[in-house]
Structures are given as C-alpha cells and as structure tokens.
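Next come two complexes built around subunit A: one with subunit B, the other with subunit C.
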Partner chain A sequence: MRKRLQKQKLSSLIKKLKEDATVIAPVMTDKNEVDFLPVNSEEVILSGARSLYSPKKYIFKQSESMYDYTIQDSGKVTVKESCENEKQIIMGIRPCDLHAIEYMKEFYSGKYKDSYILRRLENSVLIGLACTEPSTNCFCTSLGNSPVDTDGSDIMMADAGSFYFVKGITEKGKKLIENNKDIFEDSQEDDERVLSDIKESCEKAILEKIDVTALKNKVGSAYNSDIWKKYSDICVNCGACTFNCPTCTCFDVADTSRSKNEGCHYRTWDTCQNFAFTLHASGHNPRSTSEERLRQRVMHKYQYTVDQMDQFSCTGCGRCTQVCPVGISMIAILKDIKEVVDNGEE
Partner chain B sequence: MSENVYKPFLMEIVDIKEEAPNTKTFKLNFKKPEEAKKFSFKAGQFGLYSAFGSGESTFCIASSPTRKDYIECTFRIAGRVTTQLANMNIGDTLGFRGPYGNSFPIEEKFYGKNITFVAGGIGLPPVRCLIWNTLDLRDKFKDVNIVYGARTYQDLVYKNELNEWEKREDVNLITTVDPGGEKPENGCTVDWKGHVGFVPTVLEESNIKGGKDSVAIVCGPPIMIKFTLAILEKMGFSPENIYTTLENKMKCGIGKCGRCNVGNFYVCKHGPVINLADLSKLPQEY
Partner chain C sequence: MKKQIEKNIKSLLHSIWKSGDMAISWTKTSIPGKRTPFFIKNKNQIDQLVFDTFCAVSLATYLTEFNRKEILPEDFKGKLHITCKPCDARSVMQLFSDMQVSEELVNLIVIQCDGIADESKLTKIMSGYVSNIEEENDRFICKGIGGTEKSVPIRDCWLDKCSDGKNCDLPYYYGYYFVGNETEYRKRISNLLHTKTDLVQDTMSPKELKKLVNKELSSCIRCNACRNVCPACFCSDRCVFEQPKVNVKYLDSEDASKNNILYHMIRFNHVAPNCTGCGECERACPMSIPLSMFYKYFNRLMWEEFEYKPGKTNSERQKLLSYHLGEDLV
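Presenting the complex of A and B:
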C-alpha cells in the first residue's frame, strides 16, 4: 500500500490519531534535546538526524510495576497484576530504532514471554521514518543496516520534499492508513524512488564505517586480549551507554512497600556497568572490575546475542559514543577488535 | 496474551527447621491446590522466593521431585529478602516462581553408575534434592557416597538426615568439619565422630574410586569446588562425569534480566547444572 501525505496534512493526521491513542513523536525538549514524547500536533520534528533518546522507553519502560500485593492483617496475601492496555502510535522512528524494537520483540519472546512488553507492542502502531541525515556517531551501515530499512515498522514514511511518501507494511499499518484515507493521497508511480535517493545520500554522509558483519562469530576471540583495559582505564562506569542504548534489555527487580500492608513489585532499567549488577550476597563478584564489565557489554552486543539469537544486539545508532562522558567510542573498540581478530587469523 | 511469567505462586509455610546458625529450611505448600497439581520439577532446578515488600531471592529446590505435593528450600540469612523470610512463621505466605533452569541428567547419565556427592556448608541443599532422588530410586545406581563437610559441627545442615544416611547400609557417608569445628568452644555439642579436615583432603583420603562408571556431583563454596575438582580428576573421574551447579546473581530466572551469564552461558537458562568439561570452556565469570 503506497500513499502520499502532504506535509500540511500531518497535523490533521496526528489530531485524528489522537482520538483513540496516545501519539508519540520526536520533539525538541526544553533542554534542547530531541526526544520522543506524547505530542499534540505541530511540535513534531520529522527531519534531521535521529533523536538523542530512543523510543525504547515506550516499549520497555524505564520503571514499571509488575504487580501490587496486599497483606491483610489475617496474613492473607493477594497479588494483582498491573495491566496496561492503552493504545499508542509512535511516529518518526528511525530504522536503527525499528531494528532495536524488532530485537526486543524477539528477545522478550521465546519460552518465557514477557507479557508486559509484548502487550505494549501489540497495542502500538510503529511508524518509521527513513533517515535523511546521520548524526556524527552513526554507523548503521557497518552492521549491515540501512537508513531506509522498514523492518519492524507498521508504516514507513519518507520525506519527499513537499510530501511524505507513505508505505503500509503490516496489516496493522495498512488498517491505520485505510481508516484515515481522506487525509492521504494516492501515490505516483515513481514515488518509491525517494527511498533509494535517501539511502544513497544518507549512506554517503555516514562518517564511521567498519565492516562489523565480517566479525560475526569472531568477536569472542578478543575476550582475552588487552584492548579492554585501554577503555576501562578511562571508563567511569556511569552506565549512560546502556541507558541510552535502544537494545539494552537488562533490568533489576525489587519490591517497594507503600505501607505495612501493601506495596508493589517493580522492575527498572539496570546497567551491567554497575559493580552491584553481579554482586553476590556473599560478597563475591564475578565481574568485579571495570574491565570485565566493559568487556561484558561489548561481548554481549557482538558475540553473545550472535550465539543465542544469530544477530548483533547493536543497530549502529552510535548513541553510546555520543553520550559517553569520557569519549569512549564504540567504533574505536570495534576497530581494535577487528585488529585482534585479523592478527589472530594471520 | 500468555500468562504472566513474573507472577508468583502463593505458598504457605507449613514447617520450619533451624538447620544451622542463620540457616533455615521451609517446607512450602501451594495455596491453590490446582497449582500444586500442575506443578512438577526435576532435581537441580531452582526458584525465586519472594518476601513481599523486600523482593525476591534465588534458591534451589532442596526437596526431591520424588516427594510430591510440597517443596522445601534451605537458605542462609544474607540480605534484605532472606532476613524478612527468616522472620516469617508457620502459616505465613510467601511467593514462589519456578521451576527454572536445567536439571541433573539422572536417567541419561547417572543410572547404573557409582554416585559420589561432595558438598560443603550451605552447598548441601542443592545436592540434597538429588541425594533423595537417588535414594528413592536406590536400585538404579551402584555405590552411593556422600562426602559432606562444614566449618564447624554447628554449620552442618540437615543433621537428622545425616544421621539417617549414616545408618543406611546402602550409603557411604563421610562427614567432616574444619580443624577446630569439633571443639565445644566452637559450638560443637556432641562427641564428634566424623573426620576433622577440609573436604577435598578427606575426599582424597577416602576409599572412593573414580573411573568411567563413576559420577561426582560437587557443590559448595568456590574455594572448596576449585580444590575438589582437581582432586576428583586425580581420582580418575572424567570431566564429563563431574557435575556442579553454578550460582550467579539473578533477578528474573528466565534469561531476561541479563546478569547471571558466564560468557554466553546463562546460569538461569542453560544451567545451573553443568559438567566440568563444559565449565572449563567458559570464561571465569562465576
């Protein structure tokens, strides 16, 4: 299904969509950062480079209650699950973040299905936006991705000057377009060319390139190398890289009591860069050093999820590099790994 | 939408045993009979136990799957959750999620073999499940040896069961306490008849034999495991026949929270049971 959305019609589309769902899109925050927030209509930014923050938090919430418990004075315990069923439409998601959501969807499925995340995904319509402009740290093509990938989107949009080229990808997406057909126009025969034009110009503008796909199944061989110390020596273990990573899925689980008789069991994002992440009750810590924790993050993204799910859990969005307070660059780490791998193969 | 994997079963504490200082065993029944009916587990699996208001802790299921209708867990007070649990009484309710993880390959690898259990301190509970499982199917195995030690007599858990195993003709039980652990000033209230010495040493000096028909299961503090594994290999146990059960910090038990991994091996999902041959391929992150 191919359509056109005239740019001046965008706000009427959002107004219409808001009638039965929360619409979330990139906006400029009062801190002068681009972030995904619930929107009214006009403030949406569908141009420029990807946002500083990914829309991950609308699928995997930074903190969420999993159930409430009450303990009556008689000792009787009841547990009531938290269950959200709100519909949301997330708009302006760049292909890197769409890949991340696809990854999360697979990760939280399997034998044990995470109903909180999967329910939220079911209740979401994901509207992608072809990426016209890379940020300084972007390296999606290094992972074999492209700025116009549609994987994971229900609808894909691309800026074609005076209008957006709109493509319905899934049944859910096509239905949304169908329900708002008076706002869209029919597309012209060669509209789809905008995608290849964007791909060409955006890929050309990406500064960082290293063929990570060639390192598939080989990154593990750098486990015992000395490259980690070089980075861990300056790493301050703040975890900003993990909190800003669209594919970081780790969490902590805890209880909090509101009173003697009630409280909630909740989870919250956690970071493998924190000493306490793996600290045993006995005091023993299997990843007690910064070096081990930095290696864990890199190994997890480029080797362990390859072993487990046959894919990298990195989309090349470059946010980890962008937010690192001491300037540790993932591309630099990958280049070092490549050197170790290449030397090992000689 | 599928069921909620994070929602615990409600369990009632029906019995509490003081095992050792700060160490207790709870016997737990399902509050809902229909959940008890559906529940089954295998020796080696674990669960997450919640003290509402404090959070969840991970322990093995210490009872045998051959004893139905209830589960037991043994824990030592080490933090917030175990402290709240330890303050609970018979009749109180706690939460339980599980069973999780893999199990000992009893039928496939243990049937028809000599079985040697080696445990130290609070490492007996994860093995006790398998010990009872073995003893309840005693004719499926050849010799059964149990080597168990703790710092002091006081620290030995399951003292009643140790007496029971001691009396059995078909079990070779060797108990030991660290030097000094047999003395009254260190809390020993009996005339200690067992060995005095560290578990690996006592094991090495025993009449237990390795070989291809012998399987060993080891659990205890990391330092004990380290020395015991070396001795077992020396005694002729093959790395494929030496099993242990790993522990790492866990929050979910189902492969999502991301902290129990040893390289690409998730203790909660691929473990906790692992043989020495496989363990030696993993990085030392345990």
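Presenting the complex of A and C:
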C-alpha cells in the first residue's frame, strides 16, 4: 500500500491518531536534544540525523512493576499482575531502531516468552522513517543494514520534499492508513524512487565503514587476544553505553515496598558493565575484571547472538560511541577485531 | 601554539622518562573531535600523545581507579606521569589531600590551557554530523553533510567550566611541571568574565529548589556514569549504591523519580566536600543533566560556612572530616 502524506497534513494526522492511542514522536526537549516523547502540540521533528535517545524505553521500560502485592490485616496476601493495555503509536523510528525492536521481539519470544514486552509490542504501531542524514557515529551499513530498511515497521515514511512517501508494511499498518484515508493521498508511480535516492545520499555520508558481516562467526577467535586490555584500561565501567543501546535487553528484578502493607516486584535495566551483574551469592564473580566485562559486551553483540539467533545484536546506530564519556569507539574495537581475525587466518 | 605545547609535553616526557615509568595522557580516535585517554607504558609510545582543544576527559579519575583494578603494568616500578589541565590538577590535589594517591608515585604535568571544547556541543551545532574539524585561530571550520562548511567560534563550544573560569586557578603546590607560559596563562584566566548565571540560585526558596531538583534529576537513567568518572569518588567497592562484597542494595534501582533524586542527593552531600568543580559528571551524563550546577551550589554553601574550596593545595584536610580542639559543635 503506497500513499502520500502532505507535510502540512502531519499535524492533523497526529491529532486524529491521538484520539485512541498515545502518540510518541521525536520532539526537541528543553535540553536542546531530540527525544521520543508523547506529543501534544509540539513540533514533531522528522528530519536530520537519528536522535541520541532511542525509543527502546517505550517497549522495554527503564523500570516496570511486574506484580503488586498487598497484605491485609488478616494476613491474606493478594497479588495483582501488572497488565498494561494502553495503545501507543511510535512515529519517526529510524531503521536502526526498527531493527533493534525486531531483534528485541525475537529475543523476548524465545523459549520463555516475556508477556510484558510482547503485550506492549502487540499494542504498538511502529511508524518508521527513512534516514536522510547519518550522524557522526552511525555505521549501520557496516552491519549490512541500510538507512531505508523497512523491517520491523508497520508503516514506513520517507521524506520526499513537500510530502512524505508512506508505505503500509504490515496488516496493522495498512489498517491504520485505511482508517485515515481522507488524510492521505494516492501516490504517483515513481514515488518509490525516493527511497533509493535517500539510500544513496545517506550511505555516501556515513563516515565509518568496515565489513562486519564478513566477520560473522569469526569474532569469537579474538576472545583471547590482547585488544581488550587496551580499551578496558580506559573504560570507567559505567553503563551509559548499554543503557543507551537500543538492543541491550538485560534487566534485574527486585522487590520494593510502597508502604507497610503494599509493595511490588519490579524490573529495571541492568548492565553487564557493572561488577554486581554476574556476582554469585557465594561471593565468586566469573567476570570480576573490567576487561572481561568489556569483552562480554562486544562478544555478546557480535558472536553470542550469532550463535544463538543467527544475527548480530548491533544495528550500527553508534550511540554507545556517542555517549561514552571516555571516547571508546565501537568501530575502533571492530577494526582491532578484524585485524586479529585477518592475522589468524593467514 | 597548541602544536608547540604538545611538542613540549612530548620532549618533557622523553627527558624525564625512566624505565618502569608509566604516563597517562590523551590520544586521537577515528571520530572527529573525540580524544580518548591513553596509557603510555613504554617510551616509544610517547609520540602518539595528543593535546589540543578537545582533550576534555579529566585523567585524574584514573588515579582513583588504581585501587579498583590493575591498570599499572607488571613491570611498573617508577613514577606515574599524568598530564593535566589546571582544573584537573586541582582534582589531583584533592586526591593528595584525601590521601588517596601517594605524592611520591605521581608526577604532575600541568598544561597551559586555552579553554576546552565539548565535542557534543559542536555536534549539536552541526546538527549531529561532523566529518572533519579544523582549527583556525579562534574558530572551528567544520565539514557537515554533503561537504558543506561551517565556521563555529571555539568559545561557543567551550565546556561550561571554561567560560566560568572559577576552576582555572593553578593549585598551590611546589612539585609540578608547567608546560607553556605561566604568566600568560595567569593573565588569560584573570581576564575571564564570570558571566554565567547559576542555575541554582542562593536566593531560591526550598520550594523552588525542590521544583528544580524534581525537574532536572528525574530524567536520570542511573547508568552511574557521573559516579564513575568523578575524580572525587574513590570509595570503589564500598560505594553506598553497590557493595559487591556484601551485595546489599541500600537504594532501590527502580526508576521512580524519588529514587533518582535520592541517588543524586546522596552524591551531592557526599561528594561536595571534595568536589573541585571539574564538571566531569555533567560532561559524562548521557541525559544532559546539569549536575555541576548543583555541586557548585553546595560548594558555595561550603565556602560561606568554612571558607574552604577543595583542590587548592595538596594538604588541606576536608572541612567536614576534621575539627579543631575547642571548636563549637554544630
């Protein structure tokens, strides 16, 4: 299904969508940073490079209650499972983040299904947006992705000058377009060309290119090399990279009390860069050094998920590099890995 | 002139280097405008050292890491040379005062600094994309999308602390090398205008303060970046927020704004007595929380109460940790 959306019609579309769902879109915050927020009347920013913050927090929340409990005076305990059924529509998701959501969906629907996240995905409509410009740290083409990929989206949008080219991908997306068909216009025959134009100009501007797909299944051979020490020396072991990563899926669970008789069992983001992440009750820690923890992050993204799910869990958004307070670059690590792999093969 | 300073640092290091020494400095990365800390473990690595307008990371924080992990090479037996901007040197002074690092171990090299640019500010001005940066006099010439060129005044990209100028004073300490022209440097910082208005005003009522705290701190994601880059945070595995030895959680990690605010409130009160105002917490924060503004407020309070400013010398005891005989109990 191919349509056109005139740019001045965007606000009326959002207004219409808001009637039965929360609409989340990239807007400028008062800190002069683009972030995904529920929109009211602010101007939605559907141009420029991808935002510093990913929309991950609307699928996999920073923290969420899994069940609440109350203890009555008689001693009876009642447990209530948290069950969010709010509909949400996330607009302006870039292809890298769409890939990440796709990965997350697969990850959480494996042998043990995560009903909280799957329910939230079920209730979300994801509207993608092709990237017209990369950011300094972007390297999606290195992972075999492209700035106009539609995988994972329900509807894909692309800036075509005076209008957006809109493509319904899934049934859910097509239904949304059908329900608002008076806002959209029919598309012309060669409208789809805008995607290949955007792809060409955006890919040309991407600064970092290294063929990571050629390293598939080979990254593991760098496990015992000495490249990790170089980066772990300067790594300060914060979790900025993992918390801003759109594919990092680890969480911790804990209980907390709200009052004397009430409490909840909640989960929060957790990071493998933290010492306590793998700490055993016995006091033993299998990943006690910074070197092991940094290696774990890289290996998980480029080797372990390849082993388990036959895909990289990195989409090349470059946010880890952008937020690192000490300037550790994922591309630099990958280049070092490539060197080790190449030397090993000779 | 900056090239000359970089050259002078290298030749100084070459001349004082003895086998078994180690140095901490900066080097280039492949990303325009990003410099990364660099550990020089043998003499022939000295030439990879870089010092320019983008060397924002304070290396003082690595001195606290020596307790936490083994970054010293096995054959280390000499001195640890550390290159510092004057503001970072104040953090090193504070670590000396707090007896966290031995003065015998560290050889401090203070570098004349003309203001440090924040790469993320420049990136924001260039709307997210910079492919090349060149420095010309007091401007950056940046290449953006499609090769478009933009000239940006360096002053617009300065870290907040650089335009403030309150942390630029050289420490009262006899044992450091100064690279550059000291009189010229002192003249430059005396001309800095302290025009920046503080976010946290002394005249604010508790209600206004609470509102501000709620607004600014609730976006925290608890990544611990502020704590881990802080040169004044040296409790390592005895930190209140995570105690690996006993694995006790004193503060919920649940993202309720009350927890995030409490996290920072604990840090403000705990760190303020040795916070030199280096602003690393704010620079490291991925959520752009103006943390240094809060620390500045606590530092002002401390100055009013005790006339004490952390990081001035290598031997002043923390005012909240020491007392004089006969002193009135508060």
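In this section, the second predicted complex is superposed on the first by the 340 of 346 C-alpha atoms of A that agree within 3 Å, B and C clash if a C-alpha of one lies under 4 Å from a C-alpha of the other, contacts with A are read in each partner's own complex, and residues count from 1 in each chain.
We take it that contacts are C-beta pairs under 8 Å (C-beta built on N, C-alpha and C of every residue); 3 or more make two chains touch, one makes a residue touch a chain.
Values in this document were obtained by computation on a predicted structure and should not be read as measured data.
Trainee: In the superposed model on subunit A, is it clash or fit for subunit B and subunit C?
Mentor: Verdict on subunit A: subunit B and subunit C fit.
Trainee: Scan A:Asp307 for contacts with subunit B and subunit C and give back first, second, both or neither.
Mentor: first
Trainee: Applying the document's definition of touch, where does A:Gly75 land relative to subunit B and subunit C: first, second, both, or neither?
Mentor: first
Trainee: Between subunit B (first) and subunit C (second), which, if any, makes contact with A:Gly344: first, second, both or neither?
Mentor: neither
Trainee: Quick one: the Cα-centre angle at subunit A between subunit B and subunit C, nearest 10 degrees, please.
Mentor: After fitting both complexes on chain A, the angle is 90 degrees.
Trainee: Is A:Arg287 touching the first partner subunit B, the second partner subunit C, both, or neither of them?
Mentor: The answer is first: A:Arg287 touches subunit B but not subunit C.
Trainee: Touching A:Pro325, do we find subunit B (first), subunit C (second), both, or neither?
Mentor: A:Pro325 sits against subunit C, while subunit B stays out of touch.
Trainee: Could you look at A:Asp252 and tell me whether it touches subunit B, subunit C, both or neither (first, second, both, neither)?
Mentor: In the superposed model, A:Asp252 contacts both subunit B and subunit C.
Trainee: Touching A:Leu279 in the superposition: subunit B (first), subunit C (second), both, neither?
Mentor: The answer is both, since A:Leu279 touches subunit B and subunit C.
Trainee: Closest Cα approach between subunit B and subunit C after superposing, in Å?
Mentor: 7
Trainee: If I apply the document's touch criterion, which positions on subunit A are contacted by subunit B in one structure and by subunit C in the other?
Mentor: Comparing the two interfaces on subunit A, one with subunit B and one with subunit C, the shared residues are 252, 254, 256, 279, 281.
Trainee: Tell me, which parts of subunit A touch subunit C in their complex?
Mentor: Those in contact with subunit C are residues 31-33, 48-50, 52, 61-63, 133-137, 201, 205, 207-208, 233-234, 236-240, 242-244, 252, 254, 256, 266, 268-269, 271, 274-276, 279, 281, 283, 285, 289-290, 321-323, 325-329, 331-332, 335.
Trainee: If we count contacts the way the header does, which residues on subunit B are in touch with subunit A in the complex?
Mentor: Spelled out, the residues of subunit B in touch with subunit A are 1-8, 10, 50-57, 78-79, 82, 91-93, 95, 222, 247-249, 251-252, 254-264, 283-286.
Trainee: Using the touch definition up top, name the residues of subunit A that touch subunit B in the complex.
Mentor: By the definition above, subunit A touches subunit B via 66-67, 69, 71, 75-77, 79, 81, 107-108, 110-116, 118-119, 122, 220, 223, 249-257, 263, 265, 267, 270, 272, 277-282, 284, 286-287, 292, 296, 299-300, 303-304, 307-308.
Trainee: Residues of subunit C touching subunit A in their complex?
Mentor: Residues 29-32, 34-39, 57, 61-62, 65, 69, 71, 120, 123-124, 127-131, 145-146, 221-225, 227-229, 237, 242, 244-245, 247, 249, 252-256, 280, 283-284, 286, 288 of subunit C touch subunit A in their complex.
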